[in-house]
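Structures follow.
In the two complexes below, chain A is the common chain; its partner is chain B in one and chain C in the other.
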Partner chain A sequence: MATVIIPTPLRKFTGNTSRLQIHATNVKETVAELTLNFPDLKKHLLDEQGNIRNFINIFVGNDDIRDLQKENTVVKDDSVVSIIPAIAGGNA
Partner chain B sequence: MLIIEKDCRRYMLRDAEQSFPDECCGFMFGREEDEDRYVTEVRQVENAKEGDKRRRFEIAPVDYMRAEQYAIANNLTLLGVYHSHPNHPAIASETDRQAAQPFFSYVIISVMNGVFSEIRSWRLNEDHLFEKEPIAHEFISQA
Partner chain C sequence: MSYKDIKFSKEELARYDRHIIIPEFGYEAQQKLKAAKVLVVGSGGLGSPGLLYLAAAGVGTIGIVDFDVVDDSNLQRQVLFGVDEIGKPKVEAAHRRLSALNPHVNFVLYNEQLTSQNALDILKDYDVVADGTDNFPTRYLVNDASVLLGIPNVYASIFQFEGQVSVFNYKNEAGELGPNYRDLYPSPPPPGLVPSCAEGGVLGVLPGIIGSLQALEVIKIITGVGDTLSGRFFTFDALTFQTRTFNIKRNPANPINGINPTIKSLIDYEEFCGLKKPQEKPVKEITAKEFYDWQVKGEKFQLIDVREPHEYEIVNIGAELIPLASVLDQADKIDRDRKVVIHCKMGGRSAKAIRELEAKFGFDNLYNLKGGILSYIDEVKPELTKY
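This part shows the complex of A and B:
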């Protein structure tokens, strides 16, 4: 099973769990399984059309899935999938 | 209450002043105890914003990922993010609010003409609005 690392701001939606084991063969299945098990995560990860939100980055290993096959990026049993919220701001 | 270890406060203020007139940014690590948060470690990261770094900051996803990994490996909690407002008050902007994450403390350091002016912390409430989080600075780690 792949390991999914939940970012600190979203852990209140996963019972304060930082790592989860997920049965999935690609990123899309990984996110689907996550949101099935933890419905409160859904609005933080997916937009109204069910696509991964722009301000959520997903890495498999050290690679951004936008540089791979996006949601179809393969996930293996030894993969580490990191959910990464965009961190930004400014003074005006 | 956000309780910031003295060395961490000094580190953040120095980063804010040295980065002037650009915005600096970094992560805060520590622990939670009841309603209080203790910042025991801070780490500066590159402002990855392409364009006007005097008005905006951005943290690269890979830096964020490393921060989460560091927290897990060291049994720390990633408590939030600090950044500076060069020549602006330490008040969270609409840009800050829109990009903000739940749970995190957002420490903002105002630097006026290169010199530290004020430090404040903000947290999102349930309505995704920022509320001021009181800061205490007298804490010295016993670790």
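This part shows the complex of A and C:
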């Protein structure tokens, strides 16, 4: 199972869990599985059309999925998927 | 002046000795530091440690932008300030502390908010900018201004237990330009979706760590020592002590320096970040050319000017003058049985007049002259006086 790292601002939607194990073969499935388990995450990760939001970056290993195969980027059992949202500090 | 011409006093040589004796750093890197001009935007949680280290390290000129005053809730993390400075402007308090730390640094203080109007003017004098601000509009503003000016931008951001650092818009020795903030985040989250530090909080020592990393990257850019974080994005989770360094690249769709850039000057960043109040109800408009067609064709309409009498005296196009302040009181002078064109200098006041008249008296025959009398002069009657 792939490991998904949940960033601090989104942990309140995952019951304060920072790492999750997800069964998935690509990023799209990973996000679908995540939002199925934690429905409140959905609006933070996906826009109304179901695309990953502009202010969310997803990395598989150390690489931005935009530079790989985007949502079709393969996720393996030993993959680490990181979700990195834009954060601005004090008065976001 | 080349950095090679930089000289140090005996006191400075003693002060910077621990830098100068590092083989990879040495006298030359110290000269580069003294020759450098660094602008630090925000002197709060991130700016405090950043400024302390940059001043201590001997950066020659340090600009500080902050419009805020010291508040007691700042002291948990903003280590530049003390109890005695509560209520005082941050730039002044910072200057006092930093010049006591290193009198050999030249400080330039900007006790004002960085805006689309002043950003290019302020940033253009600097070699590097360090963004330690606390809101999305200013982040995009600093990013865009640094891209437009070609200045590297050392980025750092924090939330609760998590920090991010990167170097944006950095041109390496081979002349290759690295990514910027918009490659990573083309647009910001809508207001309210991501909680802010003001509601989410931040562990005081976190900006100390992240702001110090930011200062480190500034020093590396200036001196050319080591590999900067350009093309990489560093994150630190203080809770798990997990650090990650991701690879990031330029995005061809970047609106400011991608293949087809659409942003060529600074924009309204409050609006871009969705922080402006909803747009006011649109009013019916008529362009100067369409208006001229009406005049030529002898279309029936009433023309009203809502400017002030002194403006009317400078130039007018034969309208009835009803200044904006009295437009509601004189609504009985406005026809209901034909079209009414209302104008002012640029179209703002006349739109306001139309909204007020529509809301209070239910007019449905009012047209705003788009761009006001200035547009009319530009497009139809260039011989008239512009003011």
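Definition applied: the second predicted complex is superposed on the first by the 86 of 92 C-alpha atoms of A that agree within 3 Å, B and C clash if a C-alpha of one lies under 4 Å from a C-alpha of the other, contacts with A are read in each partner's own complex, and residues count from 1 in each chain.
We take it that a residue touches a chain if its C-beta (ideal position, glycine included) is under 8 Å from a C-beta of that chain, and two chains touch if they have at least 3 such contacts.
Owing to the predicted nature of the structure, the values given are computational and were not obtained by experimental measurement.
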| item | value |
| --- | --- |
| Touching partner for A:49 - first (chain B), second (chain C), both, neither | neither |
| Partner chain in contact with A:82 - chain B first, chain C second, else both or neither | both |
| Which of chain B and chain C A:18 touches, first, second, both or neither | both |
| Touched partner set for A:67, first chain B, second chain C, both or neither | second |
| Interface residues of chain A shared between complexes with chain B and chain C | 5, 7-9, 18, 55, 57, 59, 62, 64, 82, 84-92 |
| Chain A contact footprint on chain B (complex, rising order) | 23, 25, 49, 55-59, 61-62, 64-65, 68-69, 71-72, 77-78, 81, 83, 85-88, 92-93, 95-96, 99-104, 106 |
| Of chain C, residues touching chain A in the complex | 44-46, 132-136, 139, 157-162, 164, 184-189, 193-198, 200, 202, 233, 235, 237, 239-240, 242, 244-249, 251 |
| Chain A residues within the chain C interface of the complex | 5, 7-9, 18, 43-44, 53-55, 57, 59, 62-64, 66-67, 82, 84-92 |
| Residues of chain A defined as touching chain B within the complex | 5, 7-12, 18-19, 55, 57, 59, 62, 64, 82, 84-92 |
